[in-house]
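Input: structures, listed below.
In what comes next, chain A is part of two complexes: it sits with chain B in the first one and with chain C in the second one.
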Partner chain A sequence: MQDTIPHLMASPRSAKNPWLGKRVVDESMVWTRKVAYIDLTQGTIIAKPIPKDLRRLYLGGRGIDMYLLYNHLEARINPLSPQNILLIGVGMLCGIPALGSGRCDIAAKSPLTGAVGDSNIGGFFAPELRLAGFDHLVITGKAEKPSYLWVNDGQIEIRDATHLWEKDTFETQDIIRDDAEDDEVKSLVIGIAGEKQVRFANIRTGMKNAAGRTGMGCIMGAKNLKAIAARGTLDIEFAHPDELIEYSLEMNDKILNTRWAKAQSRWGTLIIYSNTNTTGLIRTRNFQRNRLENGEDLEPESMDRYTIGMSGCYGCSVHCRHRYVLKEGPYAPIFGEGPEYTSLGAFGTMVDCKKMDTILVANHLVNKYGLDTLETGGLIAWAMELYEKGIINKQDTAGLELTWGNEDALFKLIKQIAHREGFGSTLADGFKPAITAIGKDSASYAIQIKGMSNLHSDERPTPSLALNIATSTRGADHLRSRPAIDLYGLPEELLEEIYGVPVSADYTSYEGKAHMVAWQERLYAVTDSIGICKFQTVFCSVNAPKWDEFSKLIYLTTDLQLSEDQLMQVGERIYTIERLFNLREGFSRKDDWLPDRYFDEATPIGLPIAKGKKINRERFKKMLDEYYLLHGWDENGVPKKETLEKLNLDQEPSHQV
Partner chain B sequence: MQKILFIDPEKCSGCRNCEIVCSLHHEKVCNPNRARIHTVKWETSGLYVPMVCQQCETPLCEVVCPMHALKRDDKTGAVLVDYDLCVGCRLCVVFCPLGGINVDTESSKVLKCDLCDGNPLCVKFCEPQALRYLDATAVNLKKRRAAAEKLSDLMKRMVQV
Partner chain C sequence: MLHANLREIVGKREIIEEVHSPAILKHLLDKLAQMYGKDFKQIVDQREGKTSLEFLVSINGQVTRDVYTKLNNNDVVMLSIPVGGG
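Moving on, here comes the complex of A and B:
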């Protein structure tokens, strides 16, 4: 069933669309929410129901986004062309009062890496989109002029955004709210970086939430799409509402009883620094040191100078973000949210800046322009090392003195990247084009995988974390499979209980770690598909909810019964379809590899266990073989025929929707 | 002793769990538009204020209701809507000084906090304790202590000078 009405669709409460809006007897809302296909070139909008079978196989959010991406995207297109597809997906559990259930998944072919582009974003947009009647948007083509999408109670309009162009990410959201005369409008927006098609531009919502890493904001810019605004009043129906209230309360207690949630409630992810900067698991000066000397001001306690309170995403009881006010300095006054550990690394340890003020200003700038914090900091730190080594000089940087800790140059370069000005234009396309442009041996200093910068963590002492970044479908990305609990020195009995196989308790070991990574991949794929926060599953704490809890929550919200094994298989399916996508785009085993420095340079300082460590090439190769084997992929990382059959992937692309 | 749904906006983290659970409990759906509590936000300056009926001593809603559909519940002290009498004229919405009464997007009738019959769920779901259900005297005690703390800070500073 489908209806095609340019710019407008019938109200969901009309008799024509009985599957949407009003309560459907014995059905939960997941079955009533639709996928809308929006062609910005033609101005057409088509809505379709999402088949139940597809829900069972891919759940929602990232899972269905990955299915749609593999099915609808033509192979090897230019990611900046109108053929690229921008996907917006709501997680399956969206709307429950627990576990940060407001996660939204955004996908496309990445303009940064050419691989899977996929970002998971918190905040308040996903629930508003679901309240407005849609779980998925498939956006193709390119609008003739700056436009934005207006989604409201089953209707979608393409609206003029000329007045929003060149506005920053905060102003844009305010203007859309003012235009609609409604404070409750939630928007996904891009800033100047997205407009200028910086290849690692973010999509932003609220003060802090950012769909980062893979350049989804760049895709919006390439489509002339400034924003997607949603406002909805349609009920989100759950299969067993009373039991859901009780179980949600139980889930909130469960997560808040973990030590990590308690620390995050107070300090946010900045608390990680207190650990990594004393153990040697952090990168400073790009890749030169693994401790920031005299870096006391970056300890989370410093945030007390600026914090007016904490802030949480939709349905989250942890609230890990600071609401901060910076009252002094040339950029003041600033009100912002965050900063994350990621920003502390990007604009602190990586570039050798040692003041919290610097982090707060830089964090504000990237948020305002809509730039990825990690990629921006990673590129600038690389440029600083090149400057130090004399590979680039003051002429190349158009007068910027890229010396370590030069805060002024840092701020200027952030602005230049966002606006594609000066030396910033060299960095604005990401590592691969910048390496080509700069030449010489600049490549050997770049800490990147598949064209994406790595977090400021040092994985040389930790083979599990190294495998995590080498194999991620997104590039050098920790969030696809980080087995962070490997760092806790947990007893082997407990590790075996979680992972189901023997795993070494020593984080410098290679034993069982491939299994650990594959297990986390499945868990996070499901987490991103049911749309809850990764911090509220087995990321930071072994006691956080996982398969059993997910299974029960899926049942209470949708009535779907999926066992632990079935959910693991869903995770495996999602990860494998991402692998198929990357293989189709020309990626192969050689791309699942670390920068040479991981194998050749030993960590200079750190705890005795972490000091003097580098990754062993041969053992890493063996671990990669083991990892492929665990997935049912051949030695080149290509899924075997029987694996595809087992995962119902042998018929893909199946075009079910 | 009478209990009060006490709001402390400084502690609110803006997660909207109160709205979600309110609509889930009363309407059996998640729909913040149909909740009896609402967090008003000034996003770009980071201010969040939960707004909910305060069960006033002299409830204007009760005074203006032409159908006498609003009455206080002796057990909980909540002013309740009798839906058999309510005709949906929304005078109570107009006169409530706090915006504490909402219009249901489904039935067009009015919605207001009933304190969940003495066990408010929003309080249970408010981790930062921006919402608390306290004895009337405790409210004053806590406010007084908070004010005194500010004064004592000031005094400490004066002593230091």
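Moving on, here comes the complex of A and C:
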């Protein structure tokens, strides 16, 4: 066990000063960066320019990734086969000194769900890839032996990674850096879970950042690809650098002056817990209760015991993550970053563990092995409920006592999942195969949609949030379309100004909520395509940047003029191409639905507004109809011909690049 | 219930106040502002005469901006800031 502060915790090219050593010239890099097609089976690499038209239609990051996924992937292939494509996409605004612009989008057909696989990662990798000359990587085939990609100033090599195999996610990054004798190298890596093709293995960079959801690390493992390392010394070039810097600084100031940014800089996302747990909006014991009783140690202030500072991603002024040291206990010492609010749910509320120490250890283990926090916690909470109900027993779990709050069993099971050992091997393929393997009544306790676990929020009192998880293109997920500001009870005039239609300020209402979800889908699709942090858009704060700010930033960075309306249409196009992908893979209206417990079991506790709540089936059906209508999809959720024409999707797949 | 920096200022998660009818939210907020100062004072947007959008004030989970909302005994008033996402 390491006993010094790990190298990865130091963020070279500090988030506060991302400009260090970079020359700024009067031309945008967005037009010179390339897309590289890498065939790991053949060992071939072809670089091509990214067409201007494609930028106008899809921007970059998630948008171009989704275009490439829909265009290049054959329908209904086995996601673990060499035919699957792994896409790495740098956000269009990557490199600007604001809004956490260091984000990268990673996509493939998901091995967990069979639907759109897509996950977004912050940190410092994306700017390094851009500095190395590439904005998009399209990786196909399977390497004969463990390999990694080395990307450096316009060149890409496939290198041997035999010495990296079986190394954890922290060690792997250190070894790559040592091999290169260069501290500035940034890598995307997998851990043992990715190597073992656990279907919800993630991809990681630095100490904390993860492309967590939909199993992108599993795809790297299936391709024998241990890492992608980037080191670049090319220039960062903006179309209108002086105005861009001035505008970025203005925006940073505006964000830092808000109370949410101040709170997030102090307590990270853990601050959300105080509100949601008090009200009764989180699930505990899988889905049995909606508030953690005696959960005081999970309050954000508890992190003061461990925190040695806060850190942030590239281009971020907020710095929302704790750097912590756990000095005592059998796993100590642990140096880490985080944990997020979602980890608190995964290894705290959902499994009924009430100590911050437990969260920190579990957080460290999943990070080291490269497992998605949410999927791991969701599956373990489900298994604990099955154990309680007698659907599985000690024989099934090979001796593990999966009782609520049993932290020892939690840690053991995390390890078993990552290594595909013992009962962990039953859970390592995710909900759908585990339900088949366990059988009996296990399906009815699973809080999953399209095969993906929900986070620990309980959406029974909040129809807008329920519609968000039901319709998300990548499965139960808050990051596709969550209208989190619905929980703020904002004045209805303000809501109408944002959403363009009347929306009820009451978060338990169904009125106008389909509009909210569709609007947020567009906003987040654009956010993920320009590559900025979602926290710094209208996700947490109503005053955060949205369309008009995005439009100005795109112009100053690239010289491309896109109006607010055109940007909203880009968001709609990206969401619709994801929908087309899922339809082609066999998903339909039946998959945009909640687990039965949302309709049948009322919330047992909470403040009066959240207590005794369940989703009304009929009203939810109507809300879903309304949502399809807003998108221009038919009653089965299939985009109409005129919708596709309007969005320039009628010629897809077009293979522009 | 107090959250975020309001909790830090007071040093407690919870304050129990007995209210005498007819009581309104404003009475409670004024009293807290007097006791704990500036940050509490800013909960009410003086220009608008409503709770500020920089704060999240709810009674029994129901968010309110109206400082004249009635308070009853056993009501849970949550004074927080709008932080969401998860």
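Here, the second predicted complex is superposed on the first by the 630 of 657 C-alpha atoms of A that agree within 3 Å, B and C clash if a C-alpha of one lies under 4 Å from a C-alpha of the other, contacts with A are read in each partner's own complex, and residues count from 1 in each chain.
The working rule: contacts are C-beta pairs under 8 Å (C-beta built on N, C-alpha and C of every residue); 3 or more make two chains touch, one makes a residue touch a chain.
Computed from a prediction, not measured in an experiment: that's the story for all the values here.
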Does the superposition put A:Thr426 against chain B (first), chain C (second), both, or neither?
neither
Determine, under the contact definition given at the top, whether A:Glu299 touches first (chain B), second (chain C), both, or neither.
second
When the two structures are overlaid on chain A, which partner does A:Ser464 contact: first (chain B), second (chain C), both, or neither?
neither
Let me test your reading of the model: by the given contact rule, A:Gln416 touches which partner, first (chain B), second (chain C), both or neither?
neither
For A:Gln536, decide between first (touching chain B), second (touching chain C), both and neither.
neither
When the two structures are overlaid on chain A, which partner does A:His478 contact: first (chain B), second (chain C), both, or neither?
second
Where chain B and chain C land on the same part of chain A: residues none
Partner chain C, residues of chain A touching it in the complex:
258-260, 262-264, 266-267, 269, 271-272, 274-276, 278-280, 296, 299, 301, 341-342, 345, 455-457, 478, 482, 484-485, 487-491, 494, 505, 507, 534-535, 539-542, 606-610
Contact footprint of chain A on chain C as seen in their complex:
1, 3-5, 7-8, 13, 53-56, 58, 60-65, 76, 78, 80-86
Over in the complex, which chain B residues touch chain A? Could you list them?
10-17, 20-21, 24-25, 27-34, 40-41, 43-46, 48, 105-106, 121, 124-125, 127-128
Quick one: in the complex, what on chain A touches chain B?
23, 29, 95-98, 124, 127, 131, 170, 173-174, 183, 206-207, 233-238, 241-242, 244-245, 248-249, 252, 256, 265, 308-319, 323, 325, 335, 337
